[in-house]
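Labels A, B, C and D are assigned to the chains in the order they are written; within every chain, residues are numbered from 1.
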Amino acid sequence: MSVARGGRLPGAVDAAMARLNTSVDIDCELWREDIMGSIAHARGLALAHVITEEEAAELVRGLTEVAGEIERGEFAWDPAREDVHMNIEARLTELCGPVGGKLHTGRSRNDQIATDLRLYARRRGRETVAAITELGSAILGQAEAELDTVMPAYTHLQRGQPSRLSHHLMAWQEMLWRDRQRLEDAITRLNECPLGAGAVAGTGFPLAREAVAEMLEFARPMRNSIDATASRDFLMEVASTLAILGVHLSRIGEELVLWSSQEFGFVNLADTFTTSSSMMPQKKNPDVAELVRGKSALAIGAATALLVLEKSLCLGYGRDLQEDKRPIFDAFDGALVCLRALTGAIATARFSRERMRAALDRGHLCATDLADFLVGKGTPFRAAHHAVGGLVRLAEERGVELGELPADELGAVHPSLGDPEVRRVLDPAQAVDRRGLLGGPARSRVVEAIAAARRAWSADGS
Amino acid sequence: MSVARGGRLPGAVDAAMARLNTSVDIDCELWREDIMGSIAHARGLALAHVITEEEAAELVRGLTEVAGEIERGEFAWDPAREDVHMNIEARLTELCGPVGGKLHTGRSRNDQIATDLRLYARRRGRETVAAITELGSAILGQAEAELDTVMPAYTHLQRGQPSRLSHHLMAWQEMLWRDRQRLEDAITRLNECPLGAGAVAGTGFPLAREAVAEMLEFARPMRNSIDATASRDFLMEVASTLAILGVHLSRIGEELVLWSSQEFGFVNLADTFTTSSSMMPQKKNPDVAELVRGKSALAIGAATALLVLEKSLCLGYGRDLQEDKRPIFDAFDGALVCLRALTGAIATARFSRERMRAALDRGHLCATDLADFLVGKGTPFRAAHHAVGGLVRLAEERGVELGELPADELGAVHPSLGDPEVRRVLDPAQAVDRRGLLGGPARSRVVEAIAAARRAWSADGS
Amino acid sequence: MSVARGGRLPGAVDAAMARLNTSVDIDCELWREDIMGSIAHARGLALAHVITEEEAAELVRGLTEVAGEIERGEFAWDPAREDVHMNIEARLTELCGPVGGKLHTGRSRNDQIATDLRLYARRRGRETVAAITELGSAILGQAEAELDTVMPAYTHLQRGQPSRLSHHLMAWQEMLWRDRQRLEDAITRLNECPLGAGAVAGTGFPLAREAVAEMLEFARPMRNSIDATASRDFLMEVASTLAILGVHLSRIGEELVLWSSQEFGFVNLADTFTTSSSMMPQKKNPDVAELVRGKSALAIGAATALLVLEKSLCLGYGRDLQEDKRPIFDAFDGALVCLRALTGAIATARFSRERMRAALDRGHLCATDLADFLVGKGTPFRAAHHAVGGLVRLAEERGVELGELPADELGAVHPSLGDPEVRRVLDPAQAVDRRGLLGGPARSRVVEAIAAARRAWSADGS
Amino acid sequence: MSVARGGRLPGAVDAAMARLNTSVDIDCELWREDIMGSIAHARGLALAHVITEEEAAELVRGLTEVAGEIERGEFAWDPAREDVHMNIEARLTELCGPVGGKLHTGRSRNDQIATDLRLYARRRGRETVAAITELGSAILGQAEAELDTVMPAYTHLQRGQPSRLSHHLMAWQEMLWRDRQRLEDAITRLNECPLGAGAVAGTGFPLAREAVAEMLEFARPMRNSIDATASRDFLMEVASTLAILGVHLSRIGEELVLWSSQEFGFVNLADTFTTSSSMMPQKKNPDVAELVRGKSALAIGAATALLVLEKSLCLGYGRDLQEDKRPIFDAFDGALVCLRALTGAIATARFSRERMRAALDRGHLCATDLADFLVGKGTPFRAAHHAVGGLVRLAEERGVELGELPADELGAVHPSLGDPEVRRVLDPAQAVDRRGLLGGPARSRVVEAIAAARRAWSADGS
């Protein structure tokens, strides 16, 4: 029976209630943070002269021993002890005797779990920042390798303008860069120490809050005990950030699925990132990309769940908050497994330069360039756009490309269009490098962008 | 290595991909359904003369043996075999030899998993219907026991009109009744058999689809092979239904938390459904009700996740769908654990008749009755409402109840209010039974409602 | 100032509060239902002898006049009167004098708005059922017209097995069929009358609840006054149903976008359902399909919002419920505009039979058939699958299709593969009709399916 | 007909499509930003010598005139012109003649709308920061006024430990402080200029991107044209941030509703922030707080919708993105109206010092202090907690408070408990100030916290 029921509720809980109440199968994930926090608390108690230095040393020794047992898989988690905190405290007391009962002085599970969750979010957040950086690096590698691969830029999944693969990959990279920044902001904001807040209104013991915060590498103690124990906006923020990251990974996944289709044929994923079918022997499916899309749906569900969970709680701590663990654990696990698999898949992907290049040939991709050419000859853009649109319509009816219309028909629309220069305007390869402004797909601009990104990503994250 | 990679992808997957790709740690939950479906498929193959009766018998024997191993905890789930289907097929082949390789004839994991999920949703759905019924029954029990407990009916958490506890409990019961009906509708709708749909476009083998559907107690085979393998609206519907149920359980939980507060003091939950604090020795917290509210947030997250997951998938099956399992498993687990714990908590709760009765005394609960009394004397309701509102304002300024205003001040507003009958109008106990129309809180109406509900709930669910 | 503040709160609300409090800009959408409900209530008051027949007639006359004013755009909605109910009641009293003040006898805005919302959901629900039916019919029309258009069935967006366009369209139709059923179930469940429930605990007037319910064509009065005023599960259910419908429409939209790409080239939407670009003159974008996907995201947001809104409310009515209107109005509006636009877009779409047929030629689409052929020769399926997978691998390395491998190489894998019959097995056109089991893409099966669907859809909906 | 259809699609859209396609009824909200962006673009075209200075001046003059017409309500929005951009461009051309057709040179609606949305989010974001600051200030004002109001701190809605109202209010303030920081981070991150990105791959005109960015007070141009037009993570981040803010406002609202109940009686909201009932004349309901909770549900729905909307889009711009406006507009409108109404409601609220003080008297609020006292006497905390828990159980059985147990029964548990000092330990007023550590409710700590918060909030936001 859980020691937390104490003398007030000496009996055990109802069996159906026990199944609802016990959380150790999930929150045992926090054991490292729980022990780290307890060690700091024990040392803090000694600093505040609430326990002796010897008692603190004994507690630290015991906690270290418990950590070793867990690490080695020798620890027997007991559902009857409810949660990670009580499992560890109970084992500590078995190992140390009555001094174990001094660890929880001036502390509550409410400030303890808030501390554990912040340590956890900080650790997993930093792992995620590193994994985003790895993926960014893999993308930059391909952007460098495919610098001369031209392809259409699409809007509405219709071919729009001539572009290059590196430019497209750099768009992926921009999204991920912001994802990293967002996560770093969230980590900075959550890096405060709840310990000392007690159950809700602090404690009468003169705890050394700054010192304990420092031991745990928090930037500072939290400033209000009620807020410290009742607030979970750090989880909502992290989960939202991971959901946005998930959306970006899903968009990358969507493109990989599309590009892997026989119809596009733009990319060939390595066999090691694909699977076959149990029925259709010919299949090689882009599962890595589909699973990433799928996990992203779950990340949105997790962010939603955490927002809903907190929405109507009055202060301070309410037991509803037990349910915040599964969503945040799943969100981090999902993000990390997706980032790592996608990093490998992208690094090993082979792009079909031929198929991409060939896609420039149909779709009147230089229609904008033709309108711009007319602008250069003095036609207002809107009129030029209208004229070229009419030509496209004509070409479509004939089943030809814009450039395949006879010169006299072009000239009939506007004298300048009879100009032989028009053929050059309609050459997609030249059209890519014409887009030489900042942020455009011209080779020199993309080279600059890659170099700048390399510098940014390799700077220290936090 | 998974046999599903076959000859097309002879190598293993990348390690990071394996962590993303393997699902057996989650989908092993479906082993019963998977084996049940395979047994029916094997028998169906024999009926269609694709395999012999002896081969079918051998497969059924082997599958039964695998089921026994799993049941007894002797089965070694192998992550390298990817999922529940391939783990079971591989073990079957170890047990039966090459005939094991005949089981998957005319079948794909795509129709197989769709079948497993429908069988699973049907089984868990029926368990949930039964658990809702248990909770409904516990509520009816309290409604009978507390028939004479009067209390205010609240709106905006302000005391509104005189009512009785049983009437309030019967409102909970009405919500749950619709939850049960909604779930039964969903179960009826999903009870169709995908087997025979193959990967996406059926199979060339003349499978006995009707017979197989019947063996599995499905109402019929699904009518379109692409739909059968690609659609998961049955999961979205079930998850939405469980989310709505969760909202209702959360509302009940909200009221139990509120009523357990020292300020309300309307209910005292049994010790076995509460917990104490690790720091504050006096605490007895209504954890059962808070955890129910918390789980409901996760149910909303699960429904959202499933909607998002499906939203942009083109047909047929996409691997994103692997991720549909965790949300639906969690949604059912959460619903069942909440229903069962809440059933016990409500059955054992003690309501404070005194506190509830006492709450009728302040809040001018019969102000509506007073306005209605004026209506009886010929005043249009809107004018009567205005007049009584003014009296309440006066009473509030004096710090008294409406009935404590002197008769002459009442009479000054309207001559009828000087009438001694007015005291009777302002008696909350009489006011409850004055509300004797259908659906109202008068004793006789509530007695009728309880009897009708008893009959309805005890009728067979599906 | 709103008459609802009455004598209790004689002053006006704060200006910032007014902006939060006023809802008439949104809930005026409910004016028809509000007046319909008030007419029934007035008649019911007379039936119960609470007002005279003459007073009821006067109220009905006045309400009818108000309805005319609104219909003709002559009604001046006044934000200071808060909501649709008070705007109409105030105008009624202007028109009828003091008798207008009798309309609200035995009624509260709480049962009034619940009635309005149920009438609204029933009306819009039926419109949506009709619009789903129209879309289903448009799809059936194309399924009939394209009966002989063969195409690959895809899984994972990879070509999987030979199929036909009609079979694919019939999968869309199956989804919509269940959407219609789900919505009909929801409409049936919500078709109960809250009037008479009052604010929360009914009323002392002996209202004729059954008669009023019948006037409004409800199946019955609601059975519990607290439930009647506090519950909104009918909105959660309808919104979830519309979200699932949205997911299906989004999936259809996804395919139309994909099929409209130059790479697929499977469909050509009519110009009237597409738009161009403001910059790129050549563009013809499948906007109809993209907008449908976009609206579906909002439908998911609306369903989530309604679940969250209700989640933590204690009974009875709370003002949070004012916010239920925008999500449900948006959800219905979105569904209807999408259904109608998609109906037109599909009816006028031209499918490219050549491109679809050509897509069968690459992707080893008959690999399953080849494995099945080996099964027919006695090879267990799993071994056959493995062998054919190896052949595909070989073909891929050579850059040829399975059927282009020389007979001797085929024969080396298994003697039967040298058989000339193998060429027939590998013919996609024959392979489609080989899938002749129930639910498969063989021509005869699809003809049957279309005929059955025609019958089902034309049966009366509700 | 929209000029954007150009020569490519000379006809109008289908009527049902028009209803789906037209967005001007919603996106006209962006007119200020659209005109501001167009003025900068026109000037930039001149800087780049694409048009002349005179043409630019003419365009700016025309755009300013259009702005004036809109401001004065004289502008006729035309649904046939689709959206805000085309309405303004068309009117500009009416006013300026053909030069109007030069405005869109080197620009697309894709970079234009991305610019508008960033300008909009920046403006509304800053308004929201200011409104958060106002609310923070109102809370600080009450925290100062109620410095000596003691009350229980609650966990699980059960009385936990002695605290003070100011300390509680400062917890609200902490949440809002982080909300402000989060929003400022989001505004900083989104403050980049998409103009020049064109439809997706930039433009061949040598636009002055840095100069244009500077005119619009953006920190810099965006670095990748595809990302600039296809990404909406800034909206997802802002919406998530507003959803978290909404959760915090909802929690404050939850407490105001609770505290307004007759049972708690802790607060009395001003009449100007409450409403009455249309049926029950006595009602004064805390509508402001309930509506804030309700709006928060919609904010969660909006954040979810935006995540879903983007999730599966391939790059670049897709028309789905038209649907991003309603959710973000609603989210900002909801946040602002809630912040402003809540600011007034809190500033004018009257707290009942007596009811709060009285709530300290029951609930054994000093049980933790008693256990801590035993710790001071050498008992390990866990043992002390158990012993005090047993005493509470005894007191509950007797129906008395812990401090009302006879001294000899206390002493029987532990000799120190017979000590007269124990009475002091059990005095709630002293217990509050005993919690004097950083972050605790002792008077001096709260005074410090208020002063620090005053300094922080008054520092310039961005």
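One rule holds for everything that comes next: contacts are C-beta pairs under 8 Å (C-beta built on N, C-alpha and C of every residue); 3 or more make two chains touch, one makes a residue touch a chain.
All values derive from a computational prediction rather than experimental measurement.
Any chain that touches subunit A and also touches subunit C is listed here: B, D. Across the two candidate interfaces, A-B and B-C, the one carrying more C-beta contacts is B-C.
Centre-to-centre spacing of subunit A and subunit B amounts to 32 Å, using the average Cα coordinate of each chain. With centres defined as mean CA coordinates, subunit C is found 23 Å away from subunit B. Annotation for subunit C: residues touching 2 or more other chains are 6-9, 104, 110, 155-157, 160-161, 198-199, 203, 254, 257-258, 276-285, 287, 290, 293, 297, 300, 304, 307-308, 311-312, 318-319, 368, 385-389, 391-392.
Put simply, subunit B touches subunit A in their complex at residues 2, 4-9, 11-14, 16-17, 19-21, 85-86, 104, 107-110, 112, 198-199, 254, 257, 270-285, 287-288, 290-295, 297-298, 300-302, 304-306, 308-309, 311-312, 318-323, 326-327, 330, 337-338, 340-341, 343-345, 348.
Contact residues of subunit C toward subunit B in the complex are 3, 6-10, 50, 89, 93, 98-106, 110, 153-157, 160-163, 167-168, 170-171, 174-175, 178-179, 181-182, 185, 189, 196-207, 209-210, 221-231, 233, 236-237, 240-241, 243-244, 246-248, 250-251, 254-255, 258, 293, 296-297, 300, 303-304, 307-308, 310-319, 368-369, 372, 375, 380-383, 385-393, 431-432, 434-441, 449, 452. For subunit D in complex with subunit B, the residues that touch the partner chain are 155-161, 257-258, 260-264, 276-287, 290, 304, 307-308, 311-312, 359, 362-365, 367-368, 370-371, 385-386, 388-389, 391-392, 402.
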